[in-house]
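Heads up, the next two complexes both have chain A, just with different partners, chain B and then chain C.
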Partner chain A sequence: MIHITIHDKACRGCQLCLDICPTNVFTFDAAAAKATVAHEEDCIGCLSCSYLCPSGAFRHEEHRIVKNFYRDCEFLSRMEKFL
Partner chain B sequence: MPELLEQREQLQATMTFLGAIASGIEQAIGESANSISYLAGKRLGMQFSEHAPKTDDIEEALSFVGKVLQENDCLWQFEPFKVHNRPGVISHSEQGDEVMLVFRECMIRQSLFKFGHHQKGSLCNMMYGFFSGALKNIMGKESSLEILHAGENGCYKRLVVFKKS
Partner chain C sequence: MAHTHTSKTDPVTINTEWLSDCSGCHVAIVDMHEKLLNVLETVQILHCPVLTDIKDYPKAKIGLVSGAIRTEHDRHAAEEMRKSCDVIIAWGTCAVYGGIAGAGIVHTQEEIFDTVYGNNKTTITHAAPSAEISPFEQVVTPIDEVIGVDLYLPGCPPHPAFVFDALLTLLEGRAPKATKETVCARCTRTMKRTGVTKIKKNFDGVPERDVCFLSQGYICLGSVTLDRCMSPCPANGTMCTGCAGATMQILTEPNRDIRTEVADRMSRMTSINRDEIISEIEYSAKSHYSYTMAAKMIGKKPTFLINKWIANTEAEYE
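For the complex of A and B:
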């Protein structure tokens, strides 16, 4: 299962992650004015929260990173053994 | 392994070419680009799944669709997903059966990113068409595949397989 950590000091409470997350993984702690992880098990690993967070507050673990299309044939040939 | 590398190179080249074409068509003809991609995807889905086994079971049908994609070297990896507050993977309604799908590796997303094209455009609609064609062959039913979220590392979609009318 994917594990998510929000860096408490980095979070500025903008709630962008709550808006973007398709499976409502987060809730907002109004008292602390910070996002918190409520349903980690629902994370699909899209990484949109991580891309969008202005503070870079996220850390995801145990998620699968999609392999990109390589722009350079040299890199593509080096990737051969992993394809 | 060189064969695999060659396949990957060809796939990249074809998909980036398609990405550029789709983006150009969207600018030239707007909304109709979606229908063109849908129909192209549907045709592909029907063609590829022509000899796939038939079933009424939606989960089994999805595994057949996955196999069809794999056998035809399509980099479109998906899996059914259940969030904590849904009773099961499949939910039944008046319309038909609904399943949430997560798409991870996706040759369309990867080619769109390569040139900075938008997601949820006409090329993404091709997948809707593909499922529609393949499920028509496998289950004999109409279906829809709605993009709920197009993310950087994965997409979330709602598949509805409609009841036979």
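For the complex of A and C:
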């Protein structure tokens, strides 16, 4: 099963992940102004939340990686060299 | 990539060099004062323009190169660093993406010389210096198009914590970890939905302290910028201008861009139309893209139409 973690401190409370998720995986903790993972089992691994999140706060594990149609291969080869 | 290991008898040798840059990356390290001494216990700094008087390039394990290649001297110095060091780290945004000097790609060498020397309103001399100045190259080049680079550390300057972590990564033989979090991740402002309908200029009004700039109608590049700085700007009341360069998703995917990603988020946080935000960023593209436009990943994106945007902006002035 896909496992999702949100880096709590990084979450800015924008709720964009709630807007974009097609399967309503998230709820919003209004008191803390943070998103929380409520229905992890419903995640289809589309990564829309991850792309839209302003902070890069998501980590998905055990999801199937689908290659994007367009990628800058030259840069991709450098990515692992970023400190 | 060669990994290096430290031992008491054999301190790790480091060369640093600056090419065309503002010297800020070097100064950020010197600015650590006595904390620098702790680091000096494990490393031996050889060639370093701000700390030592060694003019040649002794053999060293690690080479930190800041700045972009703008002159023939820069090219020569970069090549010497490559020859003398086992591991080269592109240090700072100038070295990784071209940085501030990289914005020079939107003008010809003649235009730049004319503005800086020929018709400069604040000096009385009107000729470019001819003696003891290294000849300019036609364009600004990030260093990895000229020499092999082993590791990249963007940031303008990168916070010293990241520099020392980078050194430890090498000394301890760890693999580098590219964190994907952005400036927003360390910003403490809260993103709120507001009914704001107009884009504000940086100098319009006084922004609220705890609310995200995007929610308030100000363009902030925090969400499209890699955090290598600890997010000082939003903490001190000013918008992020993206000086550490774009996030990995923008750099790797030609269909993603600084302006569209900011517009996607900002239009959802406010009542401002997405296209209006995109136009606003294009209108001041020279600022919003200045740090990274000399790098192919940004400058050669099919959607990056800087010359067209500049022409549109200039047409509006006339």
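Everything below uses one rule, namely that the second predicted complex is superposed on the first by the 67 of 83 C-alpha atoms of A that agree within 3 Å, B and C clash if a C-alpha of one lies under 4 Å from a C-alpha of the other, contacts with A are read in each partner's own complex, and residues count from 1 in each chain.
We adopt the following convention: a contact is a pair of C-beta atoms (placed from the backbone, for glycine too) under 8 Å apart; a residue touches a chain by one contact, two chains touch by 3 or more.
Just so we're clear, the structure is a prediction, and the values are computed from it rather than from any experiment.
**Q** Once chain A of both complexes is superposed, is A:1 in touch with chain B (first), chain C (second), both, or neither?
**A** A:1 contacts neither chain B nor chain C.
**Q** Could you look at A:10 and tell me whether it touches chain B, chain C, both or neither (first, second, both, neither)?
**A** Only chain C is touched by A:10; chain B is not.
**Q** Considering only touches as defined above, state whether A:39 meets chain B (first), chain C (second), both or neither.
**A** The first partner, chain B, only.
**Q** Quick one: classify A:67 as touching chain B (first), chain C (second), both or neither.
**A** Once the two structures are laid over each other on A, A:67 reaches chain B alone.
**Q** Quick check for you: in the superposed arrangement, does A:51 touch first (chain B), second (chain C), both or neither?
**A** both
**Q** Considering only the touch criterion stated at the top, classify A:30 as touching first (chain B), second (chain C), both, or neither.
**A** Touch status of A:30: no partner.
**Q** Which chain A residues lie in the overlap of the chain B contact set and the chain C contact set?
**A** 51, 68, 70-71, 76, 80-81, 83
**Q** Contact residues on chain C for chain A in the complex?
**A** It is residues 1, 89, 144, 149-154, 162, 165-166, 169, 176-178, 180-182, 184-187, 189-193, 212, 222-223, 247-249, 251-256, 264-265, 268-269, 296-297 of chain C that touch chain A.
**Q** Hey, which residues of chain A end up touching chain C in the complex?
**A** Against chain C, the touching part of chain A is residues 7, 9-10, 12-16, 19, 33, 51-52, 54-57, 68, 70-72, 74-76, 78-83.
**Q** Show me the residue ranges of chain B that touch chain A in the complex, using the header's touch definition.
**A** My answer: residues 1-2, 4-5, 8-9, 12, 15-16, 81, 83-84, 102, 104-107, 109-111, 113-114, 148-149, 151-156.
**Q** Which part of chain A faces chain B closely enough to touch in the complex?
**A** Counting only chain A, the residues touching chain B are 20, 22-24, 39, 41-42, 44-48, 51, 63-71, 73, 76-77, 80-81, 83.
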